[in-house]
């Protein structure tokens, strides 16, 4: 399985029927396509609505119905539009059950860096509010950088998005839950050993006896 | 002329065509009936709308269209309803040109007490926000208490509504403008002398040479 | 999936000692049917957050007559002599809040804000015990969020997804309170199929509403 | 009395060095006609408050290409390479604000609040230079109001009284900005007679709007 597909499918299993969810741009957006048949979630879009639907048929685009990345989408029955203050009241006020976001670095404390790299500080958009406000923060990212360096580090070196807010981290190598004791390795990708994952991780992982293989 | 009618008619002359105005319950409400023919104001009602209209014909009351005192009213064309946060955003945010309120005491500093008497502290409603937020605060009250005591005092003894916010005070004895130098007597009621008004006022009034007679 | 519930189901969570918010302004926009059911159930020691204490025979005003209130947080109690008598004899605890501040405190809770800075109340008894900050030469009070265990909301129209539309001046505190409680029950005079309300006309997104009760 | 103006009249007050707010989210909901007129007029040294810097050829994104911006306060500039290049070479000053904080800061200005307390940005570079307060064990940043000399708003429908209705996800920052500027100009695709918009459907009350420009 493509590593990114593994991530997306595994994250999809975390979402429960009826939940209000905000999916970040890019990889997280793909999660919506892989939900179990009996799970319907309500997507929140920080540009001002709930009930985000599928992309419209070609030619049926409405320029006033776009997602937070500016792509044409639709609104499902029961969805509603509102202004940006209401949108972030919903986000910051704890009315979003889960958010799924990409990451550049996650560290031992559950700190997340996902909006800026050195010399490229071009805006956090709604990410900081989402990570602080959503009831559950799920980070979906590849375990290593493109040149093989760890992204799960002792201490984030990149500008932070928020501190100690990550609840679950899903990568192409495993699933890590952030607890008050620290990051716990819960699952490993098919074909890998615990040692493989630990070796690819700079942060010190807590490894319980019952680590299982990721199933999607 | 009835003293209260004098007050109301004189206050009405302060309002300009097109202004957004909030009129307090009681005496101030009467101001709307005495506007010059060429002056149309937009009334704001703190329970949640602008464009407050006349009372409905008997039998035509809508229980969902009432003023801040709970009395049936109507809404004029161009009026709009909104929630309480928006209502006070309009008030506190400086979008109300003038408010006319009753008063129990006004003092030399322009402090106003109009919501509580000893042992009777039953709520300020929207008065504190109105006095702080409206661009111009006009107090409409009788010059003396029912037992002949001064209401324009050196220092308010009753619980304050706000500090240093009163711009103009219209009573049945005169018109007093609050300036950075202190309260200035601008007008006196027909038939009275400056000395009459000064004698009925505990606060020290600045009396310029050009005090005129109130005309309504 | 529908949020339509019987009134018994919708209020099953209500227990002694809870903090409840009830929409309305002198009972205009109050969820009368829900309040009558609270009276019938006889739960006690409630903390009521409402704009006012209404009138003894109307809406949430009845909860004073029935002796179910331990504490009230409101802006005005002048039209309910029962609530006044209970304040004076110490039966109920009263926290008086300027109306605009009340709206913002409720909104802050629903929006995940830690509080707001307002000029309202500075120099009055409202500032007692509160932190003051000076910004740009003006003094503000730090006012803290107000949230509730349950909010009781009056809508004109709802759908099965919980989306709400209010009518005219019956809107007032309802949309704010619908964001600021752990459990939100709305009574609605009309319940439509999901998707039948124009997404641009929804005033409270269904995602924050837990139960809708249809009333005739 | 009508607020309908020619575009020339409506923008006559715009001068070099002004701070302007422009509605939109990646240019969806941007008042395109008004922005094009700003480009044509060539006023310079503008401070722009907007959610983002859009794209070089769309909406307020054009103002970077035309070299009219001195400073931008926004949450995101990643899709406008011109704005990024101008940041990197120091041509423009940039203040990045988390999107939800941006919405609340604008709302605070329009609502007469001295600021708001938000958990967003704590522990990140956003907190630099800001007052932090701890309430109930949680840390918040004090974020200050953002206001403008002029706000440029995109409405779908307006009336002659200035009441505005927005369409779908084109609402975003428009209603917030319409409250937060000294002078508010709205472009509208459709202008109705005063009274033709249902008072319950108005999203921005006309009392805060100064000029309406009809665009085709």
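When the chains are written out, they are named A, B, C and D in that same order, and each has its own residue count from 1.
One rule holds for everything that comes next: contacts are C-beta pairs under 8 Å (C-beta built on N, C-alpha and C of every residue); 3 or more make two chains touch, one makes a residue touch a chain.
Computed from a prediction, not measured in an experiment: that's the story for all the values here.
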Every chain in contact with both chain A and chain C is listed here as D
A student comparing A-D to B-D should find more C-beta pairs in contact for A-D
Chain C and chain D have mean C-alpha positions lying a whole-number Å distance apart equal to 32
Cα centroid separation, chain A vs chain D, in Å, comes to 29
Taking each chain's centre as the mean of its CA atoms, chain B sits from chain D at a distance in Å of 35
Distance in whole angstrom between the CA centres of chain A and chain B is 55
Two or more other chains are touched by the chain B residues 49, 75, 81-82, 85, 88, 91-92, 132-133
Residues in chain D with touches to at least two other chains are numbered 104, 107, 111-113, 118-119, 166-168, 171, 199-200
Among line, ring, star, complete and other, the chain contact graph is other
Contacting chain pairs, sorted by label, are A-C, A-D, B-C, B-D, C-D
Seen from chain C, its contact residues with chain A in the complex are 1, 107, 109-113, 159-161, 163, 179, 194-195, 197, 199-200, 202, 205-208
Note: in the complex, chain A contacts chain D through residues 45-49, 62-66, 68-70, 75, 81-85, 87-88, 91-92, 111, 119, 121-129, 132-133, 159-164
The residues of chain B that touch chain D in their complex are 17-18, 20, 40, 42, 44, 49-51, 75, 77-82, 85-86, 88-95, 132-133
Listed in rising order, the residues of chain D that touch chain C in the complex are 104, 108, 111-119, 131, 133, 135, 138, 140, 142, 144, 165-168, 171, 199-201
Seen from chain D, its contact residues with chain A in the complex are 25-29, 51-52, 74-79, 84, 87-88, 96, 98-104, 107, 118-126, 166-176, 203
